[in-house]
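Each chain carries a letter (A, B, C and D) given by its place in the written order, and its residues are counted from 1.
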Amino acid sequence: MATLLEVEDLTVWLATRNGPRKAVDGLSFRVDSGEVFGIAGESGSGKTMTAMALLGLLPHAAKTSGRAVFEGRDLLAMKPRALRDVRGRSIAMVSQDPSTSLHPMLSIETQVTEHMRHHLGIGKSEARGRAVELLSTVRIPDPERALKAHPAQFSGGMRQRIAIAVALACEPRLLLADEPTTALDVTVQAGILRLLDRLRRERDLAVVVITHDLGVMSAVADRICVMYGGRTAEVGPRETVLTRPRHPYTRGLLDALPHPEGGAATLRPITGSPPSLGAVPDGCPFHPRCAFAVDSCRERRPEPVLVETGHLSACPPDPLGGAA
Amino acid sequence: MSALLEATGVAVEYHRTGAPPLRAVDHADLTLARGEILGLVGESGCGKSTLGRAIVGLQGTTSGEIRFDGRPVAPLGLRRRPAELRGLQMVFQDPYASLNPRRLVGDQVGDGYLLGGTSKTEARRRAGELLERVGLPADAVKRYPHEFSGGQRQRIAIARTLAAEPSCIIADEPISALDASAQASVANLLVELVRELDMGLVFISHDLSVVRQIADRTAVMYLGRVVEVGPTRQVWSEPAHPYTKALISAVPRADGAGVLPVELPGDVPDPSRPPGGCRFHPRCPVALASCAHDDPPLTILRDGRSAACVLAE
Amino acid sequence: MTTGSRTPWRQPLALVGAAFVVLWVLVAVLAPVLAPYGPVDQIADKLLEPSAQHLFGTDQLGRDVLSRVIYGAQVSLPLAFLLVALSAVIGSIVGAVAGFFGGWVDGTLMRLADLVFAFPGIILAMAVAAALGPELRNAVLAVVVVSWPSYARLVRGLVMSARNSEYVAAGRLLGSSSVRTMIVDLRPNVAGPVLVMAALDVGNAVLLLSGLSFLGLGAQPPMAEWGSMVVSGMDYFDLWWLWLYPGLSILTVVLAFNFVGDTLRDALDPRTARAIRG
Amino acid sequence: MSSAKPKSGAPGTGRRAARPGGVLLRFLARRLAAALLLSVGITLVAFTLTQLVPGDPAAANLGQSAIGDPAAVAAFRAKYGLDQPLPVQYLTYIGNVAQGNLGVSQQSHRPVAEDLAEFVPATIELALFAIVLSLVVGVALGVIAAVNRDRWPDQVLRVVSLGGVSMPTFWVALVAFYLLSFKFDLLPGTGRLDPVLSPPPYTTGFYSVDAALAGQWDVMWSALGHLVLPSLVLAVYTVGMLMRFSRASVLEILGNDYVRAARAKGLPERVVIVRHVLRPAMVAIITVAGVAFGSLLSGAVLVEKIFSWPGVGQYAYRSAVNLDLPGIMGVSIVVAGVYILINLLVDLLYGVIDPRIRLT
């Protein structure tokens, strides 16, 4: 599989009242075409800012460094106008809550076709034809009628399907899905996950799924990057990361989940809470909450290193290494 | 075991101008004993939160009866809530909305004591103790809610209910607004308190796996009805209602196996126009022809289980 | 994220506004000291152009315009404060009652507010002032009649949203009575926005009051009131100093209060701020 | 990026509305009923106010000499129904109003309705001119301020808008008149037309429109020219008001997810602002435009005096001073009626802008 997106040393500074603070700090990863790449982390881990940086949609006064090479071009170095031609055309976004990400006052037709017409320069009737096809691809019943409707007339699950159709309109190569099922019910979530999986197989579409839900990760992602405090804790194939994690944070997240077989009376939380923007500790950002922390964790910032084939972990003491 | 809380045939209707009344809860039955955790699960719009609010009296009921410690619970009007109902408290979903942003944490936690007749300084002192009990520093009394994280705020909200010395807490999605690690610790706190104070807890949640972990019994709601109740372990291992089964198989597991969860086709119907017969029949994978007109009641099965399905034996 | 600091008192606009407010209050208090002549003393020739002797010139009766402008602050400022206080108190009580009880109480009170809103402010004030007689006291009453509904609407909205809030629900479950809830839980959330609205309303009150006086329905000659000074200056239209300075005084007072109020409003949360604006 | 699951959204979302048209009609019917109720209330207020008048209309109208003649006073009272009990007077009054009969002015001795047919259009013409001007300028500047939030254009425009709402209208009128008309003679000053011209044949009562309809182009140009100065003066306040408000509502909309989604589609910023931001922002803006129209009518009362504009403000003022009961009541009712109409129009516009009002 060909590499579609290669992110190297991505750093994002956000403007705060105390000056610029790093929301993402030296993040590197690669996404192959046709692959589902998962970015996992709690709120404040920098996962959403990563997606916004790739799209050039960071808040005002935010700065980036590093590289993000997509189809041979560095997204971070592109002029706003050039990046706008990539956005929505080659890279599309699906966000968390379809009831807020679809425009409440515009018809479905406008929302599915407006960027199609802008990017592809096609006429109204052609765009309309494509929109009907798209809506049936995402399994919206009666697409012709749906085009005339407005988002309020659909259920949450249907709205997210429409949002996906909007994202697919210009046949992008990469889809950034930020918590695509978090606002949905679990039975509806199953449908959306299946849809995403089908689309990437049928369309050779690469998908970056950003979520805090390791269950969702486990269902759709091929490879997973676990982020903490704006940095990579661990990256690797789904099965390895979720069954034999090497980073204590990943272990902690998995342990905090209810046990799959139930039974045990209590859950095992990670002590403390994730650092807020601008309050990321020195050294390993996780060390204050880590049961295995040693002196070097407080001083040196760990880089992700290869611990086995395709599996990187940013924990030099590697206390979980023996368990593998 | 006599019931601490007993809801029988509870129905809640919302009246809207220019639209048919919306029956959010339709003849729901629940019982809860001291020291017991009842998980109440279901998808959005199934009426689980409305039922929770009706139980404590924040929502008027159209019919049915709610008894707490043998006394009927009347909906809260403009009058003061009777003292004997103070043992029935509620924890809300969003700790950002359930604490007054402009009042000191200590005052809000101390309210329960103050309203119980304790002096102001004594209430303040005991509020500090309660905050320590739920794992916060005692100096939290002199701070405002915005100085705390989501998990800490939810602990404050829990401490506030404890000041009323409750014997029963209705917790409406108490951990869904929190981060993963905070979720686990707040859920643990609630379980600990139930065991320690011998309270009853109704834990309302859309997150089935948490309920599975902590609840002694689980009740599943669909479109305003309780469709299945039983000991958590049995409900999970052999669900009696097809909806319960669908719900369980839709939960993705973080086991790294890459298995896609099972989809339940169709949408939850409009609660103001529920389908005739069994409410689940249009989406039910095993529906019989008779399900379209026969509405099965919640029937007692063996082992303390009940289900509302003709196929359940 | 990038909300940035919005501490009202660090904003230059608020500082300028506050400085002018203080300045005008001082002028009002110290008028007898500051003014070279009395407000109604006919001390010089009529209609003199501004000069070193009479910085703002003299009017048609030979009174010193500067002195009259200074004494004008003694009329407009206290009245504006009184007006706003009255409207805010009346409006807040009505709004709180409507929001808290809801139902027909709310319906009746809010229809009453709608009724007042249905008349353009000055026309209603004009009708009231005309009905009660052209006197300054009646003009004040007229302005109160047209300004209370804004407060009522604001407070009603705040009370209603707070009443349905979960923290009020939690308090009620603990056994708090509705009256205690209103005082303990709702008051702190209502006080801030009402004060901000009041700050902005001082400007409006000054404008309305001077407008009524301009129409001859407020302050009566020979009182040194800015609006009536403008209207009597109109008869000598080409003698600009007669009407320019009183108008400028109104402008600076109103502007100062608006600078302060607007900055305060920005410090509120956006939804409340919008309620005040509308 | 929070992991919060929103609490059960409104149950019943997502179902297609059965009869969209029916919903809109119901919405309008409700608004119309409210407007009717309001109208009754207004007549009541107008009526009550006139009862509060301490002066005796008979004395005011017949003059001192006639006061001594009880027969003349009684005749006057009987003629205007002043000898009836109050509720009867009110009911008679309502009945007359419903038939368009507003009584006879005790001042001009003509039917009030006839008087108002002349005076009201003059004010409305002025107010319409000013509101269009204010909307165009105010919304445009508000959008500019919002998209440049906290940068220098925003700061400057903020001072401009606050300045606008702080100006005493009657004083601005004097300053503008003094400079633009009196000193430099750039614009025509007082009246609706040049004195040498006579008004166009009455159709709408708007001189500019009537003149155009009659093909009297010189009259039309003169009418338009005379509108410029007073409407500019009136717009000073409303531009400031609409600017500030537009800025706030555009900022509020800019924070929405759907705006980020529109940008993520790679649409040009211009399209994002006009199609995705301005449209929802207009919902809030037109509400204020309705309020602004009301304040224009207020402003007109003050400005008309200065520009000798024969409008409803002048008429109201003269009626108020002369204790002309039918006159005051007539003005109140017509002005409030205009205001109600404007609000109905605003409601209708909501439906046009926001499909949710039509559909859900």
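Throughout what follows, contacts are C-beta pairs under 8 Å (C-beta built on N, C-alpha and C of every residue); 3 or more make two chains touch, one makes a residue touch a chain.
Given the structure is predicted, the values throughout are model-derived calculations rather than measurements.
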item: Contact-graph separation of subunit B and subunit C, given in steps at minimum; value: 1
item: A-D or C-D - the one linked by more C-beta pairs in contact; value: C-D
item: Euclidean distance of C-alpha centroids - subunit C vs subunit D, Å; value: 22
item: Subunit B and subunit D, separation of their C-alpha mean positions in angstrom; value: 52
item: For subunit A, residues contacting two or more additional chains; value: 42-43, 155-156, 158, 212-213
item: Interface hub residues of subunit C, defined as touching at least two other chains; value: 4
item: Of all residues in subunit B, the ones touching two or more other chains; value: 44, 94, 179-180, 206, 267
item: Subunit A-facing residues of subunit D, complex; value: 1-6, 9, 13-17, 256-258, 260-268, 271, 275-276, 279-280, 353-356, 359-360
item: Contact footprint of subunit C on subunit D as seen in their complex; value: 37-38, 41-42, 45-46, 49-50, 52-54, 150, 158-159, 162-163, 165-171, 174-175, 177-178, 182, 244-245, 248-249, 251-252, 284, 287-288, 291, 294-295, 297-299, 301-302, 305-306, 313, 316-317, 320-321, 323, 328, 331-332, 335-336, 339-340
item: Interfacial residue positions of subunit C with respect to subunit D in the complex; value: 4, 13, 111, 114-115, 117-124, 126-133, 203, 207, 210-211, 214-217, 227, 230-231, 234, 237-238, 240, 243-244, 246-247, 250-251, 254-255, 258-259, 262, 270, 273-274, 277-278
item: Subunit A to subunit B touching residues, read off their complex; value: 42-43, 155-158, 185-191, 193-194, 197, 212-220, 238-243, 252-254, 256-260, 262-274
item: In the complex, subunit B residues that touch subunit C; value: 56-58, 76, 78-81, 83, 86, 88-90, 92, 94, 97-103, 108, 111-112, 115-116, 157, 160-161, 163-164
